[in-house]
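Scrolling down, you'll hit the structures one after another.
Common to both upcoming complexes is chain A, partnered first by chain B, then by chain C.
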Partner chain A sequence: MKFLTTNFVKCAVKSCSASQDSFPLKYSECQLAKEESEYNPDFVCHMLERLDWDAIVKVAADLGNTSIPPQKPEGLDPIMEDDQAILRDLHSLLVETVILEGKMTCSSCGHIYHIKNSIPNFLLPPHLV
Partner chain B sequence: MKDYLIYFAQAYPNFRRSEIESLAGLNGIKLDLSHHDESTPFLVVQLENDEQARKIMERSILGRGIYELWGDGNSLEEVHVNTKLRYGSEFDRYKQITFKFDFVGYMGSREKKNKFEVIESFAYLGFEGPIRMKNPDEVFVVLEQYEQPDREKSTTPLHIWFGRQVQLSARTENILDKYDLKKRKYIGTTSFDAELSLISCNIAQVNTGKVVYDPFAGTGSFLVAAANYGGYVVGSDIDHRSLRGKNEKCNIWANMKQYNSASQFLDVMTMDFTHNALRPDFQIDTIVCDPPYGVREGLKVCGVKDPTKAAHRENVVIDGEKAHLRRDFIHPKKPYELASLLDDLLSFAVQRLPVGGRLCFWMPTANDEFSTDFIPHHDSLDLLYNLDQEFNKWSRRLLVYSKRDHQSSHTSVEQAPAATVSKNISNFRARYFKGFSPSSK
Partner chain C sequence: MLPTPDVKDVDYDLVYEPSEDTFLLLDTLEDEQKYIREKFAGKVPLAVEVGVGTGIVSTFMQKHILPSSILVGIDVNPNACATMIRTMQQNMNAGDEDAGISDTVQMSLLSGFRDKCVDLLVFNPPYVPAESVPDLPVSVSDSSWLEVALDGGEDGMAVTWELLHNLDDILSPASGVAYILFCARNKPDQIASTMRQKGWKVNTVGHRKAGWEVLSILRFTK
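So, the complex of A and B:
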């Protein structure tokens, strides 16, 4: 599971859908890895538009990184050299940082989901469907 | 506007028009294909310029190539007369370029010696530049449709077109070989045919930078196809085993690397589509999928058939931990109606797609009882295409919807009552295994 993906998933329980607390999930006991991957600035730019930056800051803090700037970098251009550095940092954070194992907890209902073999599992037990 | 000739492959002729129309639409090109005839692979279309021609052909799977049409006729003599008449004033522009001649024969061909004679007969073009067999500036092509008496190869063409090659298709550039399932690192019993998955993605208008979601990803056949066209792909499946694959060298990730698409791969996640964890405001541009119809894989969602039996299981504790919160908890599954799943899919598409965004999925039907009532309907989705691939007694259909702009007025397709869809689908599996005999209805 890429760090990026933490920004797109929330609690799957239907009664949590209206709750502000069901996103982002709270990440704990996470085993992280760095997976080298090809730098694709267009991909990073496209994804940046779709990111909820507050959630990025929050999840990064869950994972022990408290140095994420509070404001989302805007208007980055892959052609500009200064922007390149930021885009590469974002690539490293969003795409190359992967969670191999860990727990994702919904702050609204308290349900715990697991990340197993780097694949997040959002299946629900019978009493939550 | 100029005449261009499209030469199609002899595969899925009923899908051609949708593919080319979709590729034209994706590039903002107005194109009229209402005269398309499935029985012939040659189609003359009107386009503004070569660039438009390139755009509709370069990623096509069902087209082979597109040519600026210089002349045509039922004999070479007619072709020459027509070519001089239509393009006589253009010959000079090509006087000094490097070039070669090529032949395309449908249901027949010419002998080599005869080809030279044909090339000689075009001497009036007055090209003075050198002939280059490799990478010439221009390729001039004689395309011929032969008759087919008793399936013997014929030597007399019925019709001949002469044109300048503008663009060969992805198919002609061997994309089907590249994506051949036999050469793919990770496949499974539900892997989807490479050719049809690429066609699906063309009709779905997958494009660079668009987020494409397959909610029934399996071994990732559509993810791979969508990534080929520049899509940023994300998949989910209720079956974690197919997502995980066998090992690092044999899983969806390995396939993405095999096709150099790893940098467009978002993630795959284990998920019951009906309890979706993708946040509602995460925009998905396109949905392409083959929902599980219960023939190869039974349709299941999370839950238990009889909730009374499972009552209070949420209180079970193992090693001081609630059982259902443990890493190795196995989530019970229950059967689910396909009609409900398709309803869920259409509703999901309406919630998540932008206006004009496409939902594209496959649905099987028995041929002897198909009726258009079986096609799922949603007030906010326009059914653009309903294309069938016929097998002996059943078909599968590619259904393509586009999200409607609610501001614009619209006419609504007759709504299929949910019960009909449900009967059709729940019957399908039973009838499949009884060989679609009339008694199994």
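So, the complex of A and C:
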């Protein structure tokens, strides 16, 4: 599971769908790896526009990274050197960081989901469907 | 003709083998390439394929239809999720300039997805009319995963309706578009008119006779 994907998934339990606490999930006991991939600054820039930044900050902290700026960096320009550094860091965090194993817990209902072999499992036991 | 992705070393007792429906979906997406690209020009769209099977459709999308996208492949079958990642890796070349990002999650439909964020949705569902929608196998290596790939309950529509009923909450309001495959026994004309009554624009963008089946692909937009 790529770090980026944590920005799109929430608790699958129906009664949590209206709850603010069902996103992002809380990540724990995670085993991380780095998967190299082509760095494309324009792509990272445009990708940023659609991300929920608060969730990025929270999940990064869950995974032990507290160096994320609290506000979404705005108006980054891939040509500027300082911005390049930020974009590279974001590429490395969002695109190259994968969670191989771990747990995801819903802060609303407490349900625990598992990530195994890099695949997060959101299927629910029958009594929760 | 855009090249069809290579799919290798798949256990077709556990994962749906690309078939006529799959190929109609690929050909239709090829026809729709210009429409799709124009719709999402200058953005990084979120594309989701539900029911990835081998991942051949997701790979085709990421490689040829909408390269600079975030693509998430969903399946209830863990074998399919793992196969999708493999198919993707086997077909993408290191250094592909505008390669996007792809990932997979094991999930039923979009039950664990945030609302209203999917830009492009593609679904080749279990569409065969059957007594019921099968329960999910407990074991990973159970050949009844193939029944899950095929059997769609009443009119073959039980799973697809679950998604269609939620389409408003799934697609991004600004630009969302969904491509869904049907067979004649699903009564696609009735489905289209029901969805039109709910305010959707529905176009038939693919149609083919495949053996004794007649398949079509509907495009849903607001």
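We take it that the second predicted complex is superposed on the first by the 129 of 129 C-alpha atoms of A that agree within 3 Å, B and C clash if a C-alpha of one lies under 4 Å from a C-alpha of the other, contacts with A are read in each partner's own complex, and residues count from 1 in each chain.
Keep this in mind: a residue touches a chain if its C-beta (ideal position, glycine included) is under 8 Å from a C-beta of that chain, and two chains touch if they have at least 3 such contacts.
These numbers were taken from a predicted model, which means no experiment stands behind them.
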Chain C versus chain B on the shared chain A, clash or fit after superposition: clash
Partner chain in contact with A:43 - chain B first, chain C second, else both or neither: both
Chain B versus chain C as contact partner of A:121, first or second or both or neither: both
First (chain B), second (chain C), both or neither touched by A:2: both
First, second, both or neither for A:111, with chain B first and chain C second: first
Contacts of A:86 with chain B and chain C, given as first, second, both or neither: neither
First, second, both or neither for A:32, with chain B first and chain C second: neither
Superposed model, chain B segment overlapping chain C, candidates 151-159, 313-321 or 349-357: 349-357
Interface residues of chain A shared between complexes with chain B and chain C: 1-2, 4-5, 8-12, 17, 23, 37-38, 40, 43, 46-47, 50, 95, 117, 119-124
Chain B to chain A touching residues, read off their complex: 208-209, 211, 232, 234, 236, 238, 240, 243-244, 262-264, 266-272, 275-283, 301-304, 307, 310, 313-314, 324-325, 327, 329, 331-332
Contact set on chain C toward chain A in their complex: 42-44, 46, 68, 70, 72, 76, 78, 81-82, 85, 94-101, 103-108, 111-115, 117, 136
Residues on chain A engaged by chain B in the complex (per definition of touch): 1-2, 4-5, 7-14, 17, 23, 37-40, 42-43, 46-47, 50, 52, 95, 111-112, 114, 116-117, 119-127, 129
Residue ranges of chain A touching chain C (in the complex, touch as defined): 1-2, 4-5, 8-12, 17, 23, 37-38, 40, 43, 46-47, 49-50, 95, 113, 117-124
